[in-house]
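Look at the two complexes coming up: subunit A is in both, with subunit B in one and subunit C in the other.
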Partner chain A sequence: MVKAYAQEHVYKHPWEIVTSASWRKFADPENKRTLSHVLDVDTLNHKLDAESGKLYTTRAITIHAPGPWFVRKIVGQDICHCVESTVVDGQSRSMQLTTRNISLQKFIEVEERIRYDPHPDNPRGWTMCKQETSIRIKPLSALASMAEKVEQRCAERFLQNSVKGREVMERICKYLESESRGITF
Partner chain B sequence: MGIIREKKPKSSSPSSTSPCADLRAAYHNCFNRWYSEKFVKGQWQKEECVAEWQQYRACLSEHLEDKHLSRFLEAEGLDGTARADSANVADGAETNS
Partner chain C sequence: MSASLAPECNEIKERYDTCFLKWYSEKYLRGNSAQDECAGLFKQYRSCLNKALKEKGIDQMIEEARETTAETDAEHLKR
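Entry: the complex of A and B
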């Protein structure tokens, strides 16, 4: 069984600013209080294709996801490692992030895809963010009998966190914009 | 929706357990600057932050205990996951244009 949902959000900031903010979202200690579920972010790998202007990055994101007691009892851990791969195409101005959990995979698979593109109505000024999340409890896992409940809880958590994520993004965008006013673009 | 007060940035990185935290901060700061000031303006011909990356990566390869994660670190260049994503970006670009 798969639970999937999609969200869209328009940032009234240019793509350059929004994608800069996306890189800083977890790394800035200022945001750790808001996004307290994110414990650590490490860059594992990166590659720049200087010909085409594409940047590939793999990061590890360590998340604290305690979940309800009945899940904790089965799963036995509340730290989850995720791997995020990002492709930024500087030429066509697109950024795509895909995040998957790599721990607890025998119980659950969560995949989150986010895309940032210039908004068609105002490509220089606004950015369209499209986010898709799918949550899948493995059919034969110990969680399968309560799959629906776990998926629901997980989806709620994701929604809460994506709202917090947007708040953080807005704040960094504003900060970057005020900073860049001092610099000639 | 509370606005969190700006404290002095990067004075200390709180509660990070990683022994690579300082090198990581140095690399990420360098990368973030390069991304906003160069990459998004089309200046992607030259890779920067190379020294910062090498030091940080060396530390990571020493301290990354999780086998799932070190798999990604060891892969020279990029693995299948990222390639699949780049294919998706190509798909997206086609549908967008």
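Entry: the complex of A and C
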């Protein structure tokens, strides 16, 4: 069983502002309160490819993911470690993030992909965000018998977190724009 | 700044994060990214983190995850 869904959102801000906001999403106290499920974020790797100008970054993200009591009994923990890999192509103005869980893999596989590209209707001023999420309970795991229910619960939680994520992004974009007024990219 | 999973690395992490955010907006996005100015800070931060990851036993998990994702990410960005 796999639960997959896609979302799109238009940020009425330039790609440069939106991608800068993405890097700042988990910082500062106000954002941390909104995105309280994100506990720790560490950069594991960071590489700039001189030829292509692409920036490759890998981060470890620790999430607080409490499930209902019957899941907690089986899974035994509330913390999930994830790895987020990002590629930024500054020349063609495209950014892609992929986040996967690396712990709890015997129970669940979650993958979330986010892309930020200039919006086709307004490439200089707007940014299109496309997000795809897939959630799969491992078939032979102890959670398999309630897979559908757990996948549904996860999807609901992810959607809630996506809304919060967008709120935080919009907030940061507005702040960055007011800071950089007068500076053009 | 976001917390590190290794609290002892929070300070160096904050210095690296600040450097990165500044470099990204002021240099990388303007096409002046020939030099990776934060490399020195990153090295210090990473070596602090390595110890903690090992102690927590997740260093192996992370290495394996990184190896498998590199290829698929390159594929997807081509889309």
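One rule holds in what follows: the second predicted complex is superposed on the first by the 181 of 185 C-alpha atoms of A that agree within 3 Å, B and C clash if a C-alpha of one lies under 4 Å from a C-alpha of the other, contacts with A are read in each partner's own complex, and residues count from 1 in each chain.
Everything below uses one rule, namely that contacts are C-beta pairs under 8 Å (C-beta built on N, C-alpha and C of every residue); 3 or more make two chains touch, one makes a residue touch a chain.
Please read these numbers as outputs of a predicted model, since none were measured by experiment.
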{"item": "Fit-or-clash call for subunit B and subunit C when the two complexes are aligned on subunit A", "value": "clash"}
{"item": "Touching partner for A:Val38 - first (subunit B), second (subunit C), both, neither", "value": "second"}
{"item": "Which of subunit B and subunit C A:Ser162 touches, first, second, both or neither", "value": "neither"}
{"item": "First, second, both or neither for A:Arg171, with subunit B first and subunit C second", "value": "first"}
{"item": "Subunit B versus subunit C as contact partner of A:Val87, first or second or both or neither", "value": "both"}
{"item": "Touching partner for A:Ser134 - first (subunit B), second (subunit C), both, neither", "value": "neither"}
{"item": "Comparison of subunit B and subunit C by subunit A residues contacted", "value": "B"}
{"item": "Which of subunit B and subunit C A:Gln7 touches, first, second, both or neither", "value": "neither"}
{"item": "Touching partner for A:Asp117 - first (subunit B), second (subunit C), both, neither", "value": "first"}
{"item": "Shared subunit A contacts, counted only where both subunit B and subunit C touch the same residue", "value": "16, 19-20, 23-24, 27-28, 32, 40, 42-46, 48, 50, 53, 55, 58, 60, 81, 83, 85, 87-90, 94, 96, 98, 100, 102-103, 176, 185"}
{"item": "Touch list for subunit C against partner subunit A, complex", "value": "1-6, 9, 13, 16-17, 20-21, 24-25, 28-31, 33-34, 36, 38, 42, 45-46, 49, 53, 58, 61-62, 64-66, 69-70, 72-74, 76-77"}
{"item": "Of subunit A, residues touching subunit C in the complex", "value": "16, 19-20, 23-24, 26-28, 32, 38-46, 48, 50, 53, 55, 58, 60, 62, 81, 83, 85, 87-91, 94, 96, 98, 100, 102-103, 113, 176, 185"}
{"item": "Residues on subunit A engaged by subunit B in the complex (per definition of touch)", "value": "15-17, 19-20, 23-24, 27-30, 32-34, 40, 42-48, 50, 53-56, 58, 60, 81, 83, 85-90, 92, 94, 96, 98, 100, 102-103, 115, 117, 167, 171, 175-176, 180, 183, 185"}
{"item": "Subunit A-facing residues of subunit B, complex", "value": "1, 3-4, 6-7, 9-10, 12-18, 20, 24-25, 27-28, 31-32, 35-37, 39-42, 44-47, 53, 56, 60, 64, 66, 68-69, 72-73, 75, 77-79, 81-82, 85-86, 88-89, 92-93, 96-97"}
